[in-house]
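Take a look at the structures below.
Shared between the two complexes below is chain A, which pairs with chain B and chain C, respectively.
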Partner chain A sequence: MSVGGVRWFKARLQGRHGAVPWLPYITYANLLKKENVISSTGSWMLHVTPYAVLGSNIFLALVLPLVSVGGSLTALSNFIVVAAVLLLSSTFLVMGAFDAGSAFGGLGGSRAITLAALFEPTIILTFIALVLATGSSTLDGVISGQVMVGGLLIQAPYLVLSWFALMLTALAETARYPVDEPGTQLELTMMHEATVFDYSGPYLAMLEYASALKLTVFVLLLANLILPWPILVATSSGLTVFSVILATLLKLLVVMFVIALLESSIARVRLYRIQEFLTSAFFMALGGVSLALLSRLI
Partner chain B sequence: MSLKEFLGNVLGLHIQADRSDLVFASVPREKFADIIDELVNVRGLTTQLSMSLDVSGLVGVGLALAHLYATDDRTSAGSYGVHALLHDDTSQTWFLLSTRLQPEDLSYPSVTRRVMAAHWFERFIQDMFGIEAVGHPDPRRLVHHENVPEGHFPLRKDFMWNAKMETADIAYPMPFVIGEGVVEIPLGPVYGGISEPAHFRLNVAGERMIALESKFFFTHKGVEKLLEGKNLPEALTLVEHICGDSAASHALAFAQAIENLAACKVSIRAQSLRSLVNELERVTMHISDLATIGGLGAGYTLLSSQGFRLKEQVVRLSDELLGNRFWRGLIVPGGVSRDFQANEFQKISIVMGEIIDEMLDVVSLAIQSDGLRDRLENIGILSKEAGLAYGAVGIAARASGIDRDVRRDHPYAAYGRFLPTVPIKVTGDVYARFMLRVDELKDSQRLIQELCKNPGEGAHLMPCEPKDGRDLGAVENGRGEILHLVYLKSGRIERYVIRDPSFCNWPLLGEIAPGNIVSDFPLCSQSLGLSCAGTDL
Partner chain C sequence: MTMQALAIMLLASFLGMALAAVVASLPNRHAHRLSNLIVAVCALMGAVVGIFIATATEPLILPSASLWPVFYGMNFSLDRFSAIFYTLVSGISFFAAAYAIPYLEQQPDNYNIRNVNILTAVFIFGMQGVILSTNIFGFMTFWEIMSITLFFLILADGKAVSRKAGFLYLILAHLSTSAIMAGLFLLSGGALLNNFSVLAQMTADLPQVSLFVAIGLLIFGFGCKAGLVPFHVWLPEVHSQVPTQVSALLSGAMLNIAVYGFLRVFLFLLPGVPMWAVFTVFFLGLLSAVVGVLYSVLERDITRLLAYTSIQNFGIMFTMLGLALLAGQEGNLVLAQAAVYAAIFLMLAQAVCQSGLFLASGVLVAAARSRRLEAMGGLAKRMPQLSVGVFMLILGAAFLPPFAPFIADWIFVQAMVGGLEESSLRLKIMILVTVSTITFVTGLAVFAMVKLYAMAFLAQARSEPAAAAMQPGLEFLLPITSLSGLGLMLGLFAPQVLNGIGAVGIAPANFSQQILVTGGGSLVPMDLALFMLVVVFGLWLIRGLISDVKLTREYQTWDGGQPLTPRMEFTSTAFSAPIRFLFSFFLRTKKLVNVTPVTTHNRWIVARSMTLLINQVWYDRLYVPIGAGFTRLASLVVRLQSGNLQAYISLILLATVLTLMIAL
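Presenting the complex of A and B:
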């Protein structure tokens, strides 16, 4: 949904008609009908990767406070666990890419792991800042805490830095502009696309769905950090459920539009400048943590 | 001192003039490479002379080698011919230097040792005629891949065009780099997008390309062979289909060669229409290239979605005027196949004016983006020296400070009356090639307006009876200079030589790409804007 939506907004912004936003679902359905073609040089890693990647992203979607807070799995949304699961999914993706021994898989894999090494610390730092500011070690607690007190950014304005850092890393993590180019057909410039080069059929559908899921997860997480309400609490009534779903869709739409606007108005950065982009994200995150620590001392 | 005097008095050649701007000389094969070397590289003889004789306009200040080709004249002369075509831009003259080889000993001292621009030409001749250039630094096969057996030379007269060959397995070595962390990435010939078949091997250390090897001619169709024995209308059809985006320029080069040969007159109006179509084709090509470089290569998507929309409008204009989307079918020997009415000129002028304005708006918006400029600047640099050495033509040459444009240097069609301005860039990077196209687009807009306003009078088509002999047609299109050499014998084609700009410019990729990072490779190749159809003749 999120991927198709961004594509549709992007087409509209560029003056094209654009494919229907639910096209990715049709693609997944088509891919599921096809057979898996597995490289003859691949090992079991190729078979494990799609399950591991999809599994970790489903896990994230379940435990993170996206639509509801205070569910039974929330204890798992400890910030270290979340960061580790993110890294687990990218590690599997990269190992799967290297496994078949094709040149593009290797190229994409080496790029992806280099990037992961650059943005993982930023994600952890961002989470630390959130944890320091709210005193809760789970992301669920971070969000549900602010539902009560009325907005995290109002309560702790210095977290704007952390929020921006998280947004920049989210763009890198979900392989969007300006780091990666999701629509490209040029093999040499690919990053995420090159890591799934050797998959086909249902496995490809799983990997594509996993990456779309990741985009949705990050979009909602970012939106909830700014604007947590309305969000489902364990005791909500039927009417609130409806309004929460509506609000969630609205949040998705707004962020999809912002991403599409971004992707239509800038060129992709040169590969060797990505680290500048991610370094600025890192320093923003560092600033967020320092200020959080400082505010606790005072 | 004119080129003719220089060749005659200084080099002691016996000069014959086919036309005022095409001179011809024949030399023994031992002297062939030496004379080309003298003319292109300005060796001692010329320098001494220019010092002792105080003459202005002395030629020999570096003629450019435009083409090197062979002919199989065993039936008429009992020998093979190897011919070098050089052009002298200062005196607007073409010089054809020939040498004859006896069938028993098909070899001559290689030109490439001294004039690097000949490197692919000599390998082409070696594959097609079995003529050996002794001392060629890279005598590998070029057109023939592994599957062509030894001893088959398709352009010899005794090779039937429909001959079936056994499938062989002969080595086609492609050098590569070995070292710690050096990886070879194969690319193509089958691509994910709609792309012509070319095979590249990128040797990379990390993200940095350190060497590039390429292999072309996957779709070699044998156009030069197929043209032999055809009459002129048949030949025109084939020539128009050499390369989809330069149909009009190839047809124009063909028509010029035939007209030059038979000294046919073409009316002013027909000349204007030819220039007009030449410019319209250039605009089509430039819009498409700008959209490809900025949109697909650098990922500035607005440029590709708008650029391809505008290109579509141009090809629809072609469809409306000519009944096809390729500016095909207008140019014929003796003039043009149909005249345009006043309202059609007006329509072209208005529609093209709007399209180009809109494209320039999009481009100026795009280059204000720092991100885009950062992607285009300082990558894929072609130095002027390298450009001259490789014999670069067209956009690639002009973006590196090589001031050469057939429209101005050897005026044809209406370019004598409507002078094109030839923009030059000196940085030689992808950005220079991008901006050069923008500048040429502006100039084409002006030329189209002027040509539509004042197309001149005259019959659009005049009779043109073919005459036997040999002549040359040269056209500059959006990619570079197109040369056609036609040999006619009793009204049919004896030998047809096509030199597409892509053939000269593909080797440049091996010069500009190494040193850049892998993800900038598409930008390097797109900025040259080359076609495989033109190369894989």
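Presenting the complex of A and C:
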């Protein structure tokens, strides 16, 4: 959904007509019907990777406060756990990329794991700022504490640096511009695409869906930090459910438009200049924590 | 179990090691198996006693020591704190001995089996003795036994490289032992036979100067033994030369003895730790963690890679301890306690993961007939069972959930975040520095571990021996896979384990509860693991329902028309290229590309080869100048040794006059 939407907005911005936003779903359905070709070089890792990668992203989608808060699984949305599960999914993705034994898989894998590893401090620091501002160490608590009073960013404007740091992280984690080019056809510029290069059929569908799901998760998390309302709580009635679904779609649309705008207006950064992107994200996150600490003092 | 039965078992597990050494020296062809069997049984017994004492309330004092003239003046006892270490050392020794039986039989050409067995048993005996001793005399005696036997174990294969590594180790081990000895002598004022508890009261009225010197010496001594940067240079060299099971013992047990010594002195003996010492420990820890992880990302030799991972882990541990000391002095006792328990739990976790990985590396090296990762590859297909076991250890060593090292990391980071608001500005800055560095290190640890596993186990075999590798037998598989199981169990049952060793602030007082609480956050490791499992299982079911699982075929990897060979695979050098580039200001690696023309008429047809030089910054910048300085000093001394009798006599006269001047 989010991937298709971004693609559609992007095509419109670039003056093209663009494919329908739900094209990815059609692709997944097609892929699921196709034959699953497995590399004869690989080991059991090739079979485990799609389940593990999609599994960890579903884990995040279920645990994080995206459309509802206060569920029974919310205790697992501890910020350290969330960061670690993100890293776990990258680990499996890279392992699977290597197993087929082509040089492209290795290339993409090496780059993907470099990014995932080096973004770890930024993610943790960003979450720490949120935790400090709200006093809850689960992300669910971070959002749900704000449902009644308006968005966290409106309540605590000093978190704007952390919010930007999280957005930069999201762009890197979901392999968007300026870190990776999602639409690339050239193997040498691929990062995420290269890691799923040697998969086909249902496994490819699972991996692609995992990556799209991750984008949706990050998009909704970012949106909920600004405006959590309306969100599902345990006592919601049927009408609220409907409005929540509508609002979620609206949130997705807005952020998708922003990403498409971003992707159309900036160029991809050379791999070796990613450190600038990385360092700026890190210092933004650090600045966010410092501001959060300072605001407590006053 | 009664205290008496426990005491007998403890004594048996300790003296049994000496017995095993004697048995190993017998000229009998069963001596090898028998001695390792004795070590394994005694170690298991020791681990059981250790668990009992670690969860009990009163210490176990061995009365028999005074009866034995051999142990003149030594006293042995096991309290709750040392029991944790005794369990660890004995437990790792059990796995090492079980592994040694088939491993050494496979390597009769490389090692003198008899000598290795004798030395290993004495090595374990020494480690257990250090933990059991309650006075400086016993502590230092067994410390020296442990240090010296390791030196001979390094020399066990008699190669020139081993001799070089051995002498490097010997120099640093001697420096560290003498520093510890001098430090402890200063603390005790020469009273070697006093129990540590008596000593703790004596240190309160020591003059500041001797306290200063003693603490400095002790930090160096224990830091050197634990492999902290910049005293770490011996560790990678030694790891790549000793027999595999000794490598596991080294990383899983001996380095922890250094932590034991450090904690024994800094938590129990010293009246208070001065600020400069706290900061020294803290920064040495941070430095070791960063340097360790960067070099383990770079290394292409499996044992050296793992050695740097040990350095990284011990760096994290000392960072935790440094922060704990700092928080303690600032009055933030909750954070101090959580950090100490995180360090102890990380020690247990890393011992299990690292020794498992070292044992597995022995199998891999034997299969690929090389320690280079680039000579392995494709082993997951040839050794499926081993590869699953190692994969679990890899996930553990990469600080990923739900394995034990992740839990230690979680406790530490969560406690720091929880303590952030109430702390002073200085502690706040330290916490922010620590959180950033630790997450950076754990992130890169994932990189290093992914590299290790991907290079050794995945894709095509990169060398002929690796292509012909066979699944190792059950006798190899069992120790390794049980260690990986242990790593998982330790993670899942972390609340119970922490509760058992008395971390009531972190684990609830109710033993049966499955929750960790610290710094305003909570984690149920079991729930986390179960939910992850449920999600993946559900996914598997759904996939089976909506798409045809049977519709699968195997085909070669897409190759663009040219068959893929192992030489086209991504190498471990290439894999670490992004990190090398991003940290080139620190690592200063050099890449040499050799271009040799193949034909004369077309200059584009060339053969290229690339060599990557990994600089050992510390070795080149610190050790080589010191060594050169000593050589220069020695050459000055040579001038005095001219053989001229008058010169000697005048020197003696000068010395006498000087002595008299000082004395009078």
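Going forward, the second predicted complex is superposed on the first by the 295 of 298 C-alpha atoms of A that agree within 3 Å, B and C clash if a C-alpha of one lies under 4 Å from a C-alpha of the other, contacts with A are read in each partner's own complex, and residues count from 1 in each chain.
Going forward, a contact is a pair of C-beta atoms (placed from the backbone, for glycine too) under 8 Å apart; a residue touches a chain by one contact, two chains touch by 3 or more.
Note that the coordinates shown come from a computational prediction; the quantities given were computed from them, not determined experimentally.
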Record, for the superposition on chain A, whether partners chain B and chain C clash or fit.
clash
Answer with first, second, both or neither: which of chain B and chain C does A:I113 touch in the superposed model?
second
Is A:I124 touching the first partner chain B, the second partner chain C, both, or neither of them?
second
For A:K33, using the defined touch cut-off, is the partner it touches chain B, chain C, both, or neither? Pick first, second, both or neither.
second
Looking at the overlay, does A:K10 come into contact with chain B only (first), chain C only (second), both, or neither?
first
Quick check for you: in the superposed arrangement, does A:A103 touch first (chain B), second (chain C), both or neither?
both
Contact-wise, after the overlay, does A:S264 reach chain B, chain C, both or neither (first, second, both, neither)?
first
Is A:M206 in contact with chain B, with chain C, with both, or with neither (first, second, both, neither)?
second
With both structures placed on chain A, which of the two partners, chain B or chain C, ends up touching more residues of chain A?
C
Classify the contacts of A:Y177 with the two partner chains as first (chain B alone), second (chain C alone), both, or neither.
first
Listed stretches 171-179, 243-251 or 423-431 of chain B, narrowed to the one that overlaps chain C
171-179
List the residues of chain A that touch chain B in one complex and chain C in the other.
103, 106-107, 111, 271-272
If we count contacts the way the header does, which residues on chain C are in touch with chain A in the complex?
378, 380-381, 384, 387-388, 395, 398-401, 406, 409-410, 413-414, 417-418, 420-421, 428, 432, 435-437, 439-440, 442-444, 446-447, 450, 453-454, 457-460, 519-524, 527-528, 531-532, 535-536, 539-540, 543, 546-547, 551-559, 564, 566, 568-570, 574-579, 581-582
Interfacial residue positions of chain A with respect to chain B in the complex:
10-11, 14-16, 103-104, 106-107, 111, 177-178, 181, 183-189, 263-273
Which residues of chain B touch chain A in their complex?
183-187, 191-193, 202, 207, 294, 296-302, 305-306, 309, 369, 371-372, 374-375, 517-522
Listed in rising order, chain A residues that touch chain C in their complex are 32-45, 51-52, 54-56, 58-59, 62, 73, 75-76, 78, 80-81, 83-85, 87-88, 90-91, 94-95, 98-103, 105-107, 109-111, 113-114, 116-121, 123-125, 128, 131-132, 135-138, 197-198, 201-202, 206, 271-272, 275, 282, 286, 289-290, 293, 296
